[in-house]
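Take a look at these structures.
Two complexes are shown next, each including chain A; its partner changes from chain B in the first to chain C in the second.
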Partner chain A sequence: MGTLFTTVRDTLRYKGREGQWLWVLHRISGLGILFYLILHVYDMSLAYFNVPVHEQMIALFKTPLFSVLELALAVLLIFHAVNGVRVALLDLRPELWAKQQLATRLALIITVVIAAPTIIIMIIYTINAHLGPVATTIAR
Partner chain B sequence: MTTAGSTAVKDAGMYKRSTRPAPPPRNNFERAAWMYMRYSGLVLVFLALSHWGLQHIFNSVQDLTLQSTVNRWGVTGQVANFQIWFWRAYYGLLLGLAMLHGLNGLRQVAYDYMHFRPLYWGFMGLSTLLIIAVSVAGIAALLLGVNIAAAGGAVVR
Partner chain C sequence: MKVHLKIKRFNPEKDKKPYWGEYDIEADESDRVLDALQTVKWTIDGALNFRRSCAHGICGSDAMRINGRNALACKLLIRDAVHNGAITVEPILGLPLIKDLIVDMEPFFAHYRAVMPFLVNNNEPGERERLQSQEQRARYDDGTKCILCACCTTSCPSFWARGEYVGPAAIVQAHRFIFDSRDEGAADRLEVLVEPDGVWRCRTVFNCTEVCPRDIQVTKLIGEVKQALVTGKID
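On to the complex of A and B.
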């Protein structure tokens, strides 16, 4: 508990600017993705080992709560992928190190550019499923 | 005597480094893990994002049925055709690379914050067991196909 407090406090105090915050987000998004990955592979393995439970879990993933979590997962995954490319490219090519700050900003911009349409499409799917087709709703 | 470690950053502009020779690497496991995170990450960008796009953009989770899984995995006892082997390779590679990438990421984070070593080793031991068990189950299910004998609804091969 003390470690957690120190970690949070020092993360807030440390003036590492964009690079530090991308590092923090990379860790958080990685842990979130790993948690879902384990859940997802477990769920899919039940398509052989226990089909009724597998179908119950798929039904659970279609509920509104999980639709919202799915949006969060999309943002985490896209950010982790884009920022991961930044980390890998800069680590493997030291001659690019003078452009660290440009790279951090590009990573954020590319994340938003990919995530925004992704989220819009997913929200439309979700609304269609839970509240009826968007087209019908607008027509009324 | 010069070493590669200290000269690699010489031309990095504003980032001046000490000319003191870099110490020889202490631990080849850490070097391999570092390299693995970068290279597997670059492959996973394509595998994971294409998987995400197929399941969440071009298709919707809302339309997911047992039939969609049967279409790619085949059913238990079926002889796998080229299409089924393609999906086995794609999902198997994605699963293996991602689980190992995630396990090593978890190890790095746990090592940084779990200063009480028995806690770190216990946590990582249990996490490693869980990840291996789930991965083996996932790959087994991928190879065995959907068990339609246990399914309630009608499924077509």
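On to the complex of A and C.
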């Protein structure tokens, strides 16, 4: 816990550039995805061990709050994957070091390009699920 | 020009925690930040503590956090550092604070020693030098520029999180010998660097490369050591 406190405190104290903030986002997105995975595995295990609780949780996941969280999860996943490729590439090809600021911008642009249509499609499906045929008509 | 200096002060005998000391001084825009600190020490508060030796970017004593980012106070000009008439100066992060801008550098030098920063070759060189081609010398040239100022290591988030991490400076020093054609200690150094607190703690953040006052391509050198570990080849 002390390590986490020191890292957060010093990260806020130090004026790093893009690389530092992408590293922060990578950590946050990684934690978000880990949280989802734990919840998912727990919930799926309940489908076998405790069906009523599993059904209660599925009902909870269908509420608007979880729909919004699902959108956030999609963005986190896309960012984490794209940024992971950036870091791996820079690690495997050290001679690309001079292009790291370009790589940072590219990672963010690619994240937006993939995330934007994904989010739009997800929002349409979400509205559809919550409001029914009205949204289906708009989607068409 | 008038410069408002904000310096993080801390006296372990008096203060419970660091506080900001604020000083207004007159400085030339072509002065270095070190000149401004010396003006404060010599004319306002003689108790101000900071390290400096050569004052010309060679000895690496005066690494500090200027406007939030690591730099050598003797290399950074006032005109490049001043922001809205003010400059903030703080000690580097990740090492124990001793007094004002002085930190305990021993953990940093312990990591430096851990990578065996000296030529290892037990073969008798005979009556002459160990010869090397220009290409062989150029292979590790970048690492020879390091002055051990700790700007890189103390700008690294992995080092803030875990002081046991050897840090960028030690890896640069290891690289300088691993890729030296005369050296035969690469396997021993790589053994240290493959440990959990070795190169794999580097998260390719690039803070180190951005602050190196000697313009060493630190992250690139770390990447080359990672490659040497993965491929088992040193070339």
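In this section, the second predicted complex is superposed on the first by the 121 of 140 C-alpha atoms of A that agree within 3 Å, B and C clash if a C-alpha of one lies under 4 Å from a C-alpha of the other, contacts with A are read in each partner's own complex, and residues count from 1 in each chain.
Note that a residue touches a chain if its C-beta (ideal position, glycine included) is under 8 Å from a C-beta of that chain, and two chains touch if they have at least 3 such contacts.
No experiment lies behind these values; they were computed from the predicted model shown.
Colleague: Contact-wise, after the overlay, does A:Tyr14 reach chain B, chain C, both or neither (first, second, both, neither)?
Modeller: second
Colleague: Touch check for A:Trp23: first (chain B), second (chain C), both, or neither?
Modeller: The second partner, chain C, only.
Colleague: With both structures placed on chain A, which of the two partners, chain B or chain C, ends up touching more residues of chain A?
Modeller: So, of the two partners, B touches more residues of chain A.
Colleague: Figure out whether A:Leu90 sits in contact with chain B (first) or chain C (second), or with both, or with neither.
Modeller: second
Colleague: In the superposed view, which residues of chain A touch chain B and also chain C?
Modeller: Residues common to the chain A contacts of chain C and of chain B are 3, 7, 87, 91-92, 94-95, 97-98, listed in rising order.
Colleague: Can you list the residues on chain B that touch chain A in the complex?
Modeller: For chain B paired with chain A, touching residues are 8-9, 11-15, 37-39, 41-42, 44-45, 48-49, 52, 56-57, 60-62, 64-66, 69, 73, 76, 95, 98-99, 102-103, 105-106, 109, 113-115, 130-131, 134-135, 137-138, 140-141, 144-148, 150-152.
Colleague: Okay, in this complex, where on chain C does chain A touch?
Modeller: Touch residues, chain C against chain A: 65, 67-69, 90, 93-94, 155, 157, 160-162, 203-207, 209-210, 217, 219-224, 226-227.
Colleague: What does chain A use to touch chain C in their complex?
Modeller: 3, 6-7, 10-11, 13-17, 19-20, 23, 87, 90-95, 97-98, 100
Colleague: In their complex, what parts of chain A are in touch with chain B?
Modeller: Residue positions touching the partner: 3-4, 7, 27, 30-31, 33-34, 37-38, 41-42, 44-52, 54-55, 58, 61-62, 67, 70, 74, 77-78, 81, 84-85, 87-88, 91-92, 94-95, 97-98, 118, 121-122, 125-126, 128-129.
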